[in-house]
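Inspection log for the structure reproduced underneath, given as structure tokens.
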Amino acid sequence: MAKKINIAMLGTGFMGKAHSNGWLKVAKFFDVPYEPVFKVVFGRNKAVTDAFAARWGYESSTQDWKEVMARDDVDIVCIVTTTNMHKEMVLEAAKHGKAIFCEKPIGLSYQEASEMAEAVKKAGVLNYLNHNYRRVPAVAYAKKLIDEGKLGTIYHWRGAYLQDWIMSPDFPLTWHLQKETANAGPLWDLGSHSVDLAQFLVGDISAVTAINKTFITERPLPGSGAAAFAAGKSESSGKGKVTVDDASFMVAEFANGALGSFENSRFSGGRKNYNNFEIYGSKGSITFNNERMNELQFLNREEDPDIQGFKDIMITESTHPYAGAWWAPGHIIGYEHPFIHAMADFLNALKDGKPINPNMEDGKKIMQVLDAALKSNEEGRKVALSEIK
Amino acid sequence: MAKKINIAMLGTGFMGKAHSNGWLKVAKFFDVPYEPVFKVVFGRNKAVTDAFAARWGYESSTQDWKEVMARDDVDIVCIVTTTNMHKEMVLEAAKHGKAIFCEKPIGLSYQEASEMAEAVKKAGVLNYLNHNYRRVPAVAYAKKLIDEGKLGTIYHWRGAYLQDWIMSPDFPLTWHLQKETANAGPLWDLGSHSVDLAQFLVGDISAVTAINKTFITERPLPGSGAAAFAAGKSESSGKGKVTVDDASFMVAEFANGALGSFENSRFSGGRKNYNNFEIYGSKGSITFNNERMNELQFLNREEDPDIQGFKDIMITESTHPYAGAWWAPGHIIGYEHPFIHAMADFLNALKDGKPINPNMEDGKKIMQVLDAALKSNEEGRKVALSEIK
Amino acid sequence: MAKKINIAMLGTGFMGKAHSNGWLKVAKFFDVPYEPVFKVVFGRNKAVTDAFAARWGYESSTQDWKEVMARDDVDIVCIVTTTNMHKEMVLEAAKHGKAIFCEKPIGLSYQEASEMAEAVKKAGVLNYLNHNYRRVPAVAYAKKLIDEGKLGTIYHWRGAYLQDWIMSPDFPLTWHLQKETANAGPLWDLGSHSVDLAQFLVGDISAVTAINKTFITERPLPGSGAAAFAAGKSESSGKGKVTVDDASFMVAEFANGALGSFENSRFSGGRKNYNNFEIYGSKGSITFNNERMNELQFLNREEDPDIQGFKDIMITESTHPYAGAWWAPGHIIGYEHPFIHAMADFLNALKDGKPINPNMEDGKKIMQVLDAALKSNEEGRKVALSEIK
Amino acid sequence: MAKKINIAMLGTGFMGKAHSNGWLKVAKFFDVPYEPVFKVVFGRNKAVTDAFAARWGYESSTQDWKEVMARDDVDIVCIVTTTNMHKEMVLEAAKHGKAIFCEKPIGLSYQEASEMAEAVKKAGVLNYLNHNYRRVPAVAYAKKLIDEGKLGTIYHWRGAYLQDWIMSPDFPLTWHLQKETANAGPLWDLGSHSVDLAQFLVGDISAVTAINKTFITERPLPGSGAAAFAAGKSESSGKGKVTVDDASFMVAEFANGALGSFENSRFSGGRKNYNNFEIYGSKGSITFNNERMNELQFLNREEDPDIQGFKDIMITESTHPYAGAWWAPGHIIGYEHPFIHAMADFLNALKDGKPINPNMEDGKKIMQVLDAALKSNEEGRKVALSEIK
């Protein structure tokens, strides 16, 4: 049997569930060097955290995250709290030499990310930033095609990450909609994913020009209107100001000469988790839509023009990245699986003493782009990444 | 905490993995009355079975399935062996009063299915036949639409279940390709699913006319050519006769007057697990493709003709059947999840002392259709279901 | 300038319009040896026919079709009347040595078609049967791929021709719904197209088994309910019996061993002119949907399995069949254009003294399949084509 | 019979063919007040122009376009020359009181367009600028839905007009690639269409930020390399500098608060005439792809969330805009048909003495946006439309 390794989960929300599911399954489907043990879970609310611990089988439950970091019997810390907590937690984890598995976005700014990257480097700890879409088999396969030269010189990245969950004016002023806790809206939440994918697949971005919009500028306070919203009513006594973007559209130059676009919005009706990209190169084109994440479209410009076309490839063959661990061709996987791919790679990296990507250093580069976008929007001009320090 | 309930797994192949994964997860995502415990796993090969037990955490491992059935500490038996073992196992399980969770197809004939249905009825045990596609949220939602009358009078079922995994002549003569162990080819393996869905969604079938074909009549024996095939070579010393269909196409009449088609094939290049159906009614139409199982297409004929069209509904809202247990809108689930839906329903049925569908009785009805198809093919004529006894 | 050639149009309905449009355009877009002249149009209703002549520029208008056939100044007769008139007209045209451009289906039976084929053969006149879909560029390109061996051995034809225009019970009892004038419903109207395509692309059919259904057995008489229907009312004093099928589903064996299906229906809500087919072979697969007639899907099984997928090829390159005569890549053509392709081929065949396909002989073979389908439905058994004489 | 009206065609290329086809057909399919007569065609090359006249039936052929404008027997002038000729021709046509049917883009700059709009206004002549996509039935229907309020408040326009015809470095330096004759690349050619559609469907644009790229900066001169290219060789003795963009990506603010994107490229492999847009509003969403121009996707956010989805509406019903003039539901039309719709509207406007859109005034507004995009690219900043005078 594999050696046991102890997991601390910091957070009990949607991501606490997604990460716990991943650690539960990773050793069943992948040949990993360690078998995860659910050691401790941290959450602010005791009742909620205790229930979470009971359901998932965490040995203990706590409201003190610093205590978790200090425990000797914790090997890996999973940071899945709100973004504004990431920096402090990563710094503390690094101090205690923990292996760090951190949700995205890395933090609130390039400045924060720089401190985090510095801290983990100094501590020499394994660190991973969970831009999970890199490990969707179709995306990993796209990367393989690009690395093999199947796209030739890349001319375009077209990225759109569209959702619609806050379109109702009755949706309350949660932490996602406040600058203090989220820094920005879809630019941060969704754009960080798109930028990570673009830099992973196409290369470094060198300059951007962006325009942001906030369509609904006031929303019911979570304490008042939120309850009303949850109850299906629209009355809202107290209102507060939305201090982030509802949408952010950006044009970008890549260092290699490619021209790209990034369109991030939470006001695109019918788009639920539409993380879509298109890449056009001299030898081939690729398109991907995360709502159909088991498929990749590829057009090979080196074929006879008569017979060229976008090919819909089902990325479920045993020879496709990660896919062999699961079911059979045509038997699709879902949102949760790329988390497990990351965990398998993470455990192997831990064993081998090697780094894993994306990590804090990659997160820092993403933040540089997003900070440039914010600056571009504010100043009404194109901003070079070299201006963000 | 929920009461513990003991699971015995009979089989360690693809389905052993799919079922174990399901029992592992069901109590994490659904509020079920019991918490599954991995008690014992049966497999013919000791080394394989022991490794399976170790990976999944089964307390014990055995090569004697009858002993499993007789154990007092087993509550639920999961039958995931080859089809020709189902009858004997179900009869033994019923004898010992076990709750039965059985893979499809139910067995080799209407005759076998009748014995099985009789046995579980007599024993009064909970029994479930795993035609998993009924619990794909999109299919369950289609059922809801139909039950609400959204399709009106149904005129057509068009079912196609297409795969391509045995198209190479070098694919060996496995148990799937022999009458003794599988009775038929895609007619049985895939057709049983399609017929189950059709009878679930449209109603009972009353008569069929079918033609079967075997395109590759001889294949390398598993011992000889199989190894060659696995090794990527095509030489094959010994060959044996394929005794099942490679494809079976059927037209069917439903008791309610609808006209249907069933096309089952393992020779449809590019179709991996293409379980596709279309239903046309006086008030609406539905289409579904399992390779995009998170989506359902619906056309509402009661809308203004100007604005009618097939609507692609992403079945991932918290209000859709089963979907609320998982992630968020647009965050898709995969092949493995409907198994877990069945397990949740199974545990609740067990608690409540109520039946669950599909079960042995439903399996019997499926077999009646498939036996009629075989007879139709052999006799070159339309066969009424009433002829199958 | 090209030599002038005189056209007689027999019929002024939907098809009169489609054919006139074709002759108007053919010499503008194709280098044809003759320039069509609109000589005379025949129609039963004088006012309608005169108006048609005026709009399209026919030199004269008549209610006597036999007179048209006898005219010396008519070179080509375009037969676009109801199906039950085809035989008599073709025989008369052949007698007078006219080149014949005839709408499908050829006639009401294999017997009629045999007489027609015999007559044109004896007269030695150029004759064409307008199964227009053969000359959709995507279909012609599919034929090219098949002829080049890109599909290898063909295992399956899956044809579905679905419409929904008579689903309302208020739709009146037009000539399409009566055995005397149409012989059958979608089996004849739509099935003749599908069978033509299947025999063109896959090969000869050898046996069929079919079930037909009539869902709405009585309809308002055209004189009474029809007016009500047109006026948007549903009252209908007089009713008559529908004597043809509303849907016909068929399984077919091909002489080369392939297994096929044909599903023809006018009760498939949302399907407007859904002439869809799929062909699966040992080396490749093809799918086509006429509602997106500028595209063809092709999967190449000889590629590395990792990168196989259905390719959506836009058939608008100048190198694709017929496409070079039109616009530019990605600038699509529509329903009317394949008629013009047939006319260009027809004029060239006339000049060269060569035959063109499909013709009366092909029509005869189509009728043999459809007659077998009718017999199969009536007798509840599989019918070999050799039984139809 | 309708009164005859005389057409002069200025240009014999791709657009000469498309326009001639339109005038040939308009009175056959629409009840228009005039019947077009092919009076005269102008072209620079006598042999080519004479052949064009013979093929299409123009009564005369000339190399002197000013003479055409001065002729008393010309009623309508069709301007289909290179863009740099438009201004001079429109001014001359206006001077002579001709009705003007002019291809897009209107001209080379906002300055030119202003002069043209002023001239036609002063002359009081009917003038139309052929942004043909407005009259694609699906686009006209989208406009209807928006005008009826079905989209509510519009938040986003996402426009992409992508092609790939100049991706080969061997493609020669034609007039499209030179600033003198085309002013810009896809920004002008494709972007003018997108901007027209956006302002038609969403509203006026108020500010833009754009980045342009030229990927291949030198190309073979038409005299040298072009011949080589046409001959399938890649040698190219003489080369010249490309002085326009190969791609232009832009973010735009609309006066009504919407945020939009425009992505125009000739370097998007596999995209042939991919004029694609998406519009997101508070009550609904729309998507359109011109390569499937007979379809429109609509999502209605006012439906129950359970059953919301993008509906693929086939815009071929007789009640859809323009569609009733053609064939039958599901029988699609193509690239050429919207030209004919414009001609029908143009003839009716001429009869009624009413304006038609888009016209020179609309063209002026389009140019303002495109000039702002050029300025934004040059100055690396967001440019307000009010800056362009």
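Per-chain residue numbering starts at 1, and chain names A, B, C and D are given in the order in which the chains are listed.
Just so we're on the same page, contacts are C-beta pairs under 8 Å (C-beta built on N, C-alpha and C of every residue); 3 or more make two chains touch, one makes a residue touch a chain.
Every value quoted in this text rests on a predicted model; they were computed, and no experiment measured them.
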item: Chain pair showing more contacts of the two, C-D and A-D; value: A-D
item: Chain whose Cα centroid lies at the greatest distance from that of chain C; value: A
item: Rounded Å distance, chain A centre to chain D centre (Cα mean); value: 41
item: Whole-Å gap separating chain C and chain D, where each centre is the average of the chain's CA atoms; value: 36
item: Sites on chain A at which at least two other chains make contact; value: 271, 308-310, 314
item: Residues on chain A engaged by chain C in the complex (per definition of touch); value: 141, 297-298, 305-314, 317, 319-320
item: Chain A-facing residues of chain B, complex; value: 1, 14, 18, 20-21, 24-25, 27-28, 54-56, 163, 165, 271-274, 290-294, 314, 316, 326-337
item: Touching residues on chain A, where the partner in the complex is chain D; value: 153, 155-156, 158, 160, 162, 167, 209-211, 213, 215, 246-247, 249-253, 257, 259-261, 263, 265, 267-271, 278, 280-285, 299, 301, 308-310, 376, 380-382
